[in-house]
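Once you scroll down, you'll see the structures, which are given as structure tokens.
In the two complexes that follow, chain A is the common piece, with chain B as its partner first and chain C second.
For the complex of A and B:
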């Protein structure tokens, strides 16, 4: 609440990014999306404590921050797992076998007991339909994923798979 | 198709070149020459040249680019803005990603020329969140352009200042709509705004703003160098120039192809793309992204790839995203994917869209899970009809159009599925 500014919950690196973003655009408000991206990149997701700190330390309106966090799907609403798989389940990926590959991933996660490590969800078109089916594992994009090769791809992330 | 200059490369000129993204490579084949040319012209001349070239917006709407630029008031105090809509999210579309991968400097150069034309002081490239690598390449190109003196103060000694920055979206299809994008760039939820006022008069922060698609900007340098007439000579009378087509689905060689507008669909599919994958046959084609009404093999016969010819078949060229649907794909699944997508992406602002997309998704969910009712196909049509032309932006129509086409052209397949499901 008061200006004991050496007790920030943000790392020095994050503070530098936040301060840079706040003056980068015509208005401070435009910095909300990039700041939320930066916090999520470092902390996994943007939590209440971050929203509090953004308000206290940088006077960012919490309603405006929450508006962004709840409207945009890129922001996670809960603590992410170590590896978040986002599989495209749109037209072309479906046509090329996305559903089978997703079923295989579910089976692998279940069988290997790595529920705590891997999350899986379907997402809209990732814009790589020529390489369908496509998925993201965190920020890595993988192409032409089928129920035959998906195990090999995921084994790069976890030795248990 | 009036022109024989097949396979002219305007946007994909640097295809196959090593380090195609670097400034050095870009400069080696005429990069930034269009910029230099434009700096010897008056803003009004640049706009006239782009108007005369016949260039139309490549994001989907096909609005004449020069005309859009001319709506910006010239003699007005205060800042004007320029935005590159690189929020490529239309299912089936991946051409703008390809430009960022191949020649990010072409986007930057096109934007500087446009900025000079409308008198913009600041520009943004707004890219969808999931293009992680592409964002790095675009940011690197911007930095290189600054270092080379193509951006910043007094560009090439012309006295013209223009700053360019990059902005990353956050996973919302609706931000591909220009006023939604502007809201997002202002740090708000990406809800579209009622037009008028158009962005050219009141856009980003209430200031005159032009928003163009990535591919549109990328076509501009070539027009500056080669002239409007050369561009107008490519393609058809009303659809001038080349277009990037993102083609995907059950074909042998999916990818991004640059073709003169008016190109034969059959030649594209069978020669360029190698035809259907072995053992699969053509069931339908979505010619311009998920919102474009589906076409049957019969309708595809003799079709040419230009705005007018596809519109004459009751569909649209849109973003140039061609999805080839084969006989293994069930229209129940296709319709369900489309309905779920628009339901997921509706911003919720307008009732016909928010509720309508929900209805479509619910009905399709029921059919898909074998709980379809006898009148469901008619209900899909009725709901879609009620969603048309009643909302702030085109998302509602974008959901209604493919729904109407699928229920009309493949209604029998949906009905047969419902009957089988009910009997099972």
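For the complex of A and C:
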């Protein structure tokens, strides 16, 4: 619509979100969180070029953006694979066998040669300790994962490759 | 609205304006409350949890840096409970600290070391291995960063944000993996970097210029004033007294500079070292340099002045000497002898009115205003600040007494100016540095003391006096300042 700003790398939709978030809080800094979420939702991950553009177009300080991105594990700073497994490695999940299950996942990925499609990382608490161990595959949540049932859960994804 | 609050710290009563924190009050009262993240020149962060104190009548200990004093409050800083808290706070700071004091340049002036000696001294209780992080990073300017030693007090982050406004540092990641740093691939670029070395309470930031040159406990520090520009920051000058070797400069809390100083000022010790100093009086005869003693030197100068008469003498004066030196110099030459031709010697490329918005000024002389005031008092010279070097050269005086700028680093045209002067009839160079030795044939050279070796004062940009109070002894034998050299010279008249 407004063509004066069409050199932006952000889509019109994203620009609308960013501008709205920037006016929502007392300080611009507070808007970094929802803005990065919006970017990640649309682009898959937050890239250097996005940080550059946030600084140039919206005067958001790049140091502060980076602080936020590195503080929260939920932000992705490298290109996500087709399936990103985020396994909770905090205390309750670990007590219930998270480490074993993660080792099993690694083994499976290796064995099936699906390294380029599957990524695995440990993340902080997913908020379902009563269903531990828990993991996310992209946006799907899975509970009570053990090294016995994990292969079956993952086959749902690997069969689509 | 300046309501006053009365309260007590360790039984001592104090009145402070409303809004004052317990830490600020204690700082003014010189009561020591251990702290890492608080700094008088920065905002409150409250992250190190080291400044815990007891508030009478309240169940839990509270942090002094973020605790506003209120009427009737009674603070205790030295109870067993408080000490126990300090011990634990320290223990947590040391969990991942590498304890590489033997190779750490901060050793001897490290907050962690000092507090450990005061409140620590116990066996470590941790069984887990330490988290390892990057070391010896060049992050720009004068800085080397060891992220393992960092205790995450955030002072440096706040300095970048609040003082230089460059926001070049951040804390990335979190928990015990949290790490201090610049944006990946970027460096700190401003001219105030060494302040980070000063405010970092541990050895995370160290100075490229100073590190590994000396253990700090071998150095003596004396109060002084930075001669690097007309701001005149209050400083401490560090030297090894036995050898007269100067090593570094740090800012001292002062009216003109607050708590900081610029990186240019940090270098103002270099010209004081013996390698670059004028050490002997000499004259040149038929292109040959002949060292002479002070008596002979001043005697010859006196004869020369008498021979040509004061009306053929001119004074070429730079603005890097003290008020007391100008007073003695003009009192004799203008007041007693009646010399009339007085010229200012200034850097022709200077941008007098430049100011970087923090401290550094375009007037790179320590005492422009003191010189102007003295000129005015004696009613000589041009009454406006300006370089009169060319006029002095073309005025064809038979004898020129030149007070050579002390600091070559702040006077880029010094060499070419000296070249010009050497070709004149008879110039007597009174100089701190030995730049003149690079040119053959100077007719008469008199060594004088540098700013660290004399008492006196500079008048800064705001007209405020900065006092040189505690001089180091010069390792150059028999050297005098301009004032006593003048007095000695006057004995021959």
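One rule holds for everything that comes next: the second predicted complex is superposed on the first by the 155 of 161 C-alpha atoms of A that agree within 3 Å, B and C clash if a C-alpha of one lies under 4 Å from a C-alpha of the other, contacts with A are read in each partner's own complex, and residues count from 1 in each chain.
In this text, a residue touches a chain if its C-beta (ideal position, glycine included) is under 8 Å from a C-beta of that chain, and two chains touch if they have at least 3 such contacts.
Owing to the predicted nature of the structure, the values given are computational and were not obtained by experimental measurement.
Undergrad: Clash or fit: chain B against chain C, after overlaying the two structures on chain A?
TA: On the shared chain A, the partners clash.
Undergrad: Between chain B and chain C, whom does A:92 touch in the aligned arrangement: first, second, both, or neither?
TA: first
Undergrad: Does the superposition put A:74 against chain B (first), chain C (second), both, or neither?
TA: first
Undergrad: For A:15, using the defined touch cut-off, is the partner it touches chain B, chain C, both, or neither? Pick first, second, both or neither.
TA: neither
Undergrad: For A:63 in the superposed arrangement: first (chain B), second (chain C), both or neither?
TA: second
Undergrad: Counting touched residues of chain A, say whether chain B or chain C comes out ahead.
TA: Tallying touched residues of chain A, the top partner is B.
Undergrad: Between chain B and chain C, whom does A:126 touch in the aligned arrangement: first, second, both, or neither?
TA: After superposing on A, A:126 lies in contact with chain B but is clear of chain C.
Undergrad: Is A:144 touching the first partner chain B, the second partner chain C, both, or neither of them?
TA: Neither partner.
Undergrad: In the overlaid three-chain picture, which partner chain does A:30 touch, first (chain B) or second (chain C), both, or neither?
TA: first
Undergrad: Looking only at the overlay on chain A, choose which of 76-84, 202-210 or 346-354 in chain B hits chain C.
TA: 346-354
Undergrad: Intersection of chain A residues contacting chain B with those contacting chain C?
TA: 64, 67, 71
Undergrad: Mind listing the chain C positions that touch chain A in their complex?
TA: Chain C residues touching chain A: 167-174, 182-184.
Undergrad: Help me check something: in the complex, which residues belonging to chain A touch chain C?
TA: 61-64, 66-67, 70-71
Undergrad: Quick check on the complex: what are the chain A residues that touch chain B?
TA: It is residues 24-34, 36-37, 64, 67-68, 71-75, 89-92, 94-96, 124-132, 136, 139, 141 of chain A that touch chain B.
Undergrad: Okay, in this complex, where on chain B does chain A touch?
TA: 88-94, 97, 122, 128-133, 165, 167-173, 184-190, 204-205, 246-250, 254-256, 286, 290, 321, 323, 325-326, 328-329, 333-334, 337-338, 341, 344-345, 347
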